[in-house]
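A, B, C and D label the chains in the order they appear, each numbered from 1.
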Amino acid sequence: MDYTIKIGGAAGQGIATIGESLSKVFSRSGLHLFSFQDYESRVRGGHNFFQIRFSDRPVLAPREPVDVLVGLDGESIPLHGGELSDIGSALYDPTASGTEYGDPRFTGVPFKRLAVDSGGAEVMANTVASGAVLGMLGMDVSLLEAVLTDTLSRHPEAVEGNVKAARAGHDFGSNNCPRCSFSVPEGSGRKMVIEGNQALGLAAIASGCRFYSAYPMTPSTGILTFLAGHAERHGLVVEQAEDEIAAINMALGASFAGVRSMTGTSGGGFALMVEGVSLAGMTETPVVIVLAQRPGPATGLPTRTEQADLLYALFAGHGEFPRVVLAPGTPEQAFRAVNRAFDLTEKYQVPVIILTDQHYADSTWSLDGVDLSAFEYTDYRVRGDAFKALPTYRRHAFTETGVSPLAVPGDAPHVVVTDSDEHDEDGHLIEDAATRARMVDKRFLKKMPLIRGEIEPPLHYGSPAPEITLVGWGSNYGVMKEAVDALSASRDIAMLHFSELYPFPDESASDFMDVIRSSKHAICIESNVSGRFAWLARAETGFDFKDRISRYDGRPFTLEGLLEELDVYL
Amino acid sequence: MDYTIKIGGAAGQGIATIGESLSKVFSRSGLHLFSFQDYESRVRGGHNFFQIRFSDRPVLAPREPVDVLVGLDGESIPLHGGELSDIGSALYDPTASGTEYGDPRFTGVPFKRLAVDSGGAEVMANTVASGAVLGMLGMDVSLLEAVLTDTLSRHPEAVEGNVKAARAGHDFGSNNCPRCSFSVPEGSGRKMVIEGNQALGLAAIASGCRFYSAYPMTPSTGILTFLAGHAERHGLVVEQAEDEIAAINMALGASFAGVRSMTGTSGGGFALMVEGVSLAGMTETPVVIVLAQRPGPATGLPTRTEQADLLYALFAGHGEFPRVVLAPGTPEQAFRAVNRAFDLTEKYQVPVIILTDQHYADSTWSLDGVDLSAFEYTDYRVRGDAFKALPTYRRHAFTETGVSPLAVPGDAPHVVVTDSDEHDEDGHLIEDAATRARMVDKRFLKKMPLIRGEIEPPLHYGSPAPEITLVGWGSNYGVMKEAVDALSASRDIAMLHFSELYPFPDESASDFMDVIRSSKHAICIESNVSGRFAWLARAETGFDFKDRISRYDGRPFTLEGLLEELDVYL
Amino acid sequence: MSTSDEWRGQKPAWCPGCGNFGILTAFRRAMVELGLEPHRLIAVSGIGQSGKFPHYTRCNTFNGLHGRTLPVATGIRLANHEMPVAAFAGDGDCYGEGGNHWLHAMRRNIDVKLFVHDNQVYGLTKGQASPTSVPGMKTPTQPAGVLADELNPVAVAIAMGCSFVARGFSGDVEQLAGLMVAAFGHKGFSLVDILQPCVSFNRLNTFEWYRDRVYHLESDYDPGDRSAAYERALEFGERIPTGVLYRQERPTYEDRLPVLAGAPLVRLPLEPDRLTRTLEELY
Amino acid sequence: MSTSDEWRGQKPAWCPGCGNFGILTAFRRAMVELGLEPHRLIAVSGIGQSGKFPHYTRCNTFNGLHGRTLPVATGIRLANHEMPVAAFAGDGDCYGEGGNHWLHAMRRNIDVKLFVHDNQVYGLTKGQASPTSVPGMKTPTQPAGVLADELNPVAVAIAMGCSFVARGFSGDVEQLAGLMVAAFGHKGFSLVDILQPCVSFNRLNTFEWYRDRVYHLESDYDPGDRSAAYERALEFGERIPTGVLYRQERPTYEDRLPVLAGAPLVRLPLEPDRLTRTLEELY
């Protein structure tokens, strides 16, 4: 069983509410799901959709055929009617579309009228829609009732009407879809639903983050909202800064004062943080930066997806200093990436950038749960009595590893001094060549190999010695993995997924470059036009990807779309 | 003949004045010269020096042995006394150093007293020093007198005293340097002296630049000062912006309104321009950006030199769009680079970055003159009647080349519309995938090969099929060329100097990669720690430079220093 | 001469009922009243609901980055000081991201007309607090309410010596159109801060909220008195004055720049010969 | 308790005679008077001659980027609101490059003490005009003289409702030390704009120029009167008042932030168990 539901409508019509309710129903039933969103940069009107795929097996990527289409606006049927699968059916609102479609696959539903007639109110039309979908699927309405009761816990007066609307919709869906032949099996155990951005926020809290400063920018705003909403409970300060320059400098100030801190933005805001990234490099102040990519240049397509900022992230900031760039593609990878980001930034005192994109940020996945014990926490800072016990203290002392003691100012009579100018071990500015060279050796040459040693090789999935190797990174994880699954029966195929991009994994410590070099086709799959990763790989390994699949229209790869592109190699 | 003069002193003591006077004397005598400066980030005190090398043959790089050392402060002799050549002599001020040195190579000169005694004033001590140097060199003092008269043309009352001081110094130098055995031949024709930053400013004016906005930042400030000083004469607006963000956005505004515009900064300021670079990419607004490198990260060593920002410049800005990166190493290369920058940015409507560094910016060279007819000027814009004659106008029209007509708003009843959001041909914002993809094709895929076709291969100098090839870029031109000259007699050696870095020169259109690949040692010479160019070259060609020479203490390569490093390959 | 139709642009993507529609109506009316033609105006905007404004009328347009309207507008004026330039910004855009440019544009007195769509909230990014949001207002990113005091744009503008400071209300199209005409009539930097209800995200400062409070400055009010203007500017609570709060004649930046005394830069011919003298200075 | 010697730092690289020396003397005096110990203060600075300040005394120091003192200082205060934080900035640094942060730090009323070394010029980069440079002043980058009007920092601060606004003069060490003590005594954001002669680049606003003009605010001057304060703040010409121009008690940002009601962030223990509830919300 592997069904896709698409809910289309204008901004402001609440399609996300329908999507979220249905997602909860599926996940609480123990089913696996993956959803993603397609929306315009406006608040009301236009045409958006929310697409949920659910199954009794794990699902990780968008598919094209739609099994249930719900159209709240007039554009849904004309735009997406053709996407219906062989067994697919659509519900649409005849009032919104202004016409009745003759096609038997499309059923007109007077959502608002049903809501009112059932004893609810017009605004509950979306609940009718959710109920109708469950009816079509042959699923029990009680699941939705429970979800509504929970979601509306702060508005108990609204529960009854919504439950009635849900039932009315369910009845309609059950009785008015003659073609419907869906069969949804029982799932096992309840699951949670988590959005990409929520996973990042959660992992930051679990990693001991105490400070998050940011300026709103799609698609990173979800992190800000999530953390702001949970700040009091978890003892975080979440600060909306006046601009992104302030955001990163605040994060550095908080880090200097002794707490783990993070900031997040998208490409345009990251541009404004670039000088701060370099400042983190020079002052060796830990900081985690989430860069959520969207299509550029400039404002570009603010609500769409792209992977064009890899090299931008890699070289942002003047001068030379080590950094780490991670690119998780799923919530589980994000938990690990954020946790490692905090660990690495505190251990080596270098900035760590987490590269995501809109497709990751706004998608949701079902999870059995989150294993909090998997989060590691080592406090590398010198504080309190340990700091007091030091006979002397030099913030930028030369050491074997290049890493100097990072102390919490105020905790001991020693002073903690750092400088954006080149400085001596004490942190005071210098002009001489010898100290400069030693500081570069310390910051760059000594730390770099140690950091590289921490980086994990790409995930190798599929055939151990593949003929065809799909190579990619970040949010393309799911679609690549499913493509491998789809083709494994007939083909010797594998995926190498990089979620740790820089320092580039050491090819002498793992066999991934052998896999690539010995594949007949090593195909680099990226959501950008120029092949940023392919370029990086060539710079680091000399390997030149002759085969590349690119998508750069702002939309994510779908399983069918990728399989079609792969066809020429099969 | 190839002598080096070093003038050492504290900031504020006027060593640059001495250096500039002597430079004019030499260049007006028809001699060739190269000078560079070493100074601290302070206004008074500390220790700086100004070093001039002059010869009857062209000279292009710093050398280490000093023939005449002038010390105005107490530190010059202890710091630089050991640098004297076999025939070298030093003058120092015994009052400033507080001691008299026994060494016969060091002569104490009471600069101030001589100034006063000769009928001048204490402030003319520097003129005494200049005169003394000429005396030691056996050169005529009348040359200096003429220079003083010209330089002081706005203060005629000061000329007489200075001339007297010059003569007194000259007498002293002629009579008190028993070891002096210099012999300076006649040069031919007068020459001019030009500083790196002046060459950039001059070329901008000659290329039709009408607008320069910048925020002061060493080592780019010289461009701002030069252009501000010449703005009225040449019809330019030179605007000191409130910050670098404003600087680049003003330049883009001016360019949109129809004039050629430029901005300049260093690494930290460029960080703040990064979003604007991306805006130029999206709106296809021409702009030239000078990025004058200094050692980073962050504030680093503000008055020193480094070449660490190549990849930073190359990937600055989110999203994908073409750009050009040029890196001149001499004034002549700068004339050409700036002129080409304006031509390419206007022709292809992509940002062009000129990468220099402090060593280039603050150095001076002698030139026979500037051939103004070598500057090319093609106006690619649609203006006035030509614009009026267009039946319709679409700012971002799809064309064969990807280049759309760039019109001057106001000149015709058509409106000119552009947007930082993804847009249609008219410049209005869009959301659909198809237009997005076509715009990327237009901006990136169509233009990129055309721009690449314009890029010149590196300059190949020396042996046509060398065993040893020195590969480098930007300001290392002079020192590499002189190293080739020094070793050519005994070795099969050549240099490949890249002054056009991106798009990377097409290896199929020229034989430079063959030269590199067939050399026994292809040595990449860069003023940075990690080998930014070497990395770029590998990404673009797959070639991995096994041999690299790096300097990253903030100081330029000297000829002797480079030759010593090359020794292991010989 | 122009007609309202000539100033009609793309179909607005604003929410139905948004205060921005009133601004658009007032603007088109003002343009017709001024007799400006669409190709003889350059509109600059940033990013936000306000940033879309120029697309919804029709004129030369540079829709640039969030927060960066004023430097772009300044560059345009310096390159062509014969073209009128209007800048459209949001409150977040102008007083948040672009606050520094705002201060310095006022210092320069560059002849740009700045219209701030002040909805006291971040509209396009869905409801976060802006610099003018009222303290205590709860938003998804300020769940405990806005903690900082609100910025009073007209008071700061007067303290900066901004040469034309007005406040309008998008629900009072007639007055607003008049303020726009006055701003274009003024020689120098002109700020019109426009109270603009955001019906989707600002539940506090609604049309009603504004309507209950706004009043026109008295007909005998003297906008030339800086101290009085400052006092009136501080009035933002139970009563909110609208109209021209402050106005001062002083030379514009363009007037003060010697090189702009003649034709605009964009009309100057290339004169390479002048370089001969500059070169001579280097010998 | 501390002694002046404990507050002695690196040898200053300022020009002999620079007004910064007076600020340094006043600061060390104020620290001793306040009984602060060097490790119990965090100094933040930007880039410029003023940016070097913390190196020339001795205390915890974050010498960050040009223009970015205030966000760094804000981050520090939020992470540890038990530590006093002083920010040292130049006029270019604070009102030019960093103008936006300045506006918003005042809005927040974050408890940071800001000392602006206002020499009305860019010192470290050798004499370009700053936002407070007097119109007409000629510099290498303003050969026709400064064309924009100068920014009046204290007037803008008062318009922003900054909770403590003072003006000092580096030639009046005694008063200046007192203003510093008062700034530290005030709860909330405190601006002390310090007139600081630059003997190398500012030939207009010299020691004498300032000395001829400055006078202490009368002993009965009431800094609680915002309108009067605004009037006095505008006085910058023949006569320039020094002292505390404006002062207002209002809650600091730290006070308003619910999560800072208890121990500072830097002291909070890791409590992963609290996440169980947050996770439950996702089912």
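Everything that follows uses one rule, which is that a residue touches a chain if its C-beta (ideal position, glycine included) is under 8 Å from a C-beta of that chain, and two chains touch if they have at least 3 such contacts.
Here the structure is a predicted model, which means the values were calculated and not measured.
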{"item": "Chain located farthest away, centre of subunit C as origin (C-alpha)", "value": "B"}
{"item": "Comparison of B-C and A-C (more C-beta pairs in contact)", "value": "B-C"}
{"item": "Subunit B and subunit D: spacing of chain centres that average the CA atoms, whole Å", "value": "37"}
{"item": "Cα-centroid distance, subunit C relative to subunit D, in whole angstrom", "value": "30"}
{"item": "Mean-CA-position distance for subunit C and subunit B (Å)", "value": "41"}
{"item": "Multi-partner residues of subunit D (each touching 2 or more other chains)", "value": "47, 64-65, 96-97, 99-100, 103-104, 131, 144, 257-258"}
{"item": "In subunit B, residues with contacts to at least two other chains", "value": "40-41, 46, 231-232, 242-243, 245, 268, 275, 279, 283, 298-299, 302, 419-421"}
{"item": "Parts of subunit A lying in touch with subunit D, wherever the complex brings them together", "value": "24, 27-28, 190-194, 198, 202, 205-206, 208, 210-211, 213, 230-237, 239, 241-243, 245-247, 249-259, 261, 275-276, 279, 283, 369-370, 372, 375, 377, 408-410, 412-421, 427-429"}
{"item": "Parts of subunit C lying in touch with subunit D, wherever the complex brings them together", "value": "95-100, 103-104, 107-109, 131, 144, 147-152, 155-156, 158-161, 226-227, 230-231, 234, 250, 253, 256-258"}
{"item": "Footprint of subunit C on subunit A - complex, ascending", "value": "12, 40-46, 215-218, 221, 224-225, 228-229, 231-232, 238, 240, 242-243, 268, 298-299, 302"}
{"item": "Residue ranges of subunit C touching subunit B (in the complex, touch as defined)", "value": "10, 37-40, 42, 44, 47, 52, 54-55, 58-65, 68, 70-80, 82-83, 100-101, 103-104, 257-260, 265-266, 268, 270-272, 274-279, 282-283"}
{"item": "Subunit A residues within the subunit B interface of the complex", "value": "40-41, 46, 245, 266-268, 270-272, 274-275, 278-279, 281-283, 293, 295-302, 304, 306, 308-309, 311-312, 314-321, 419-422, 431, 433-434, 436-437, 440, 444-445, 528-530, 535-536, 538-539, 542, 544, 552-555"}
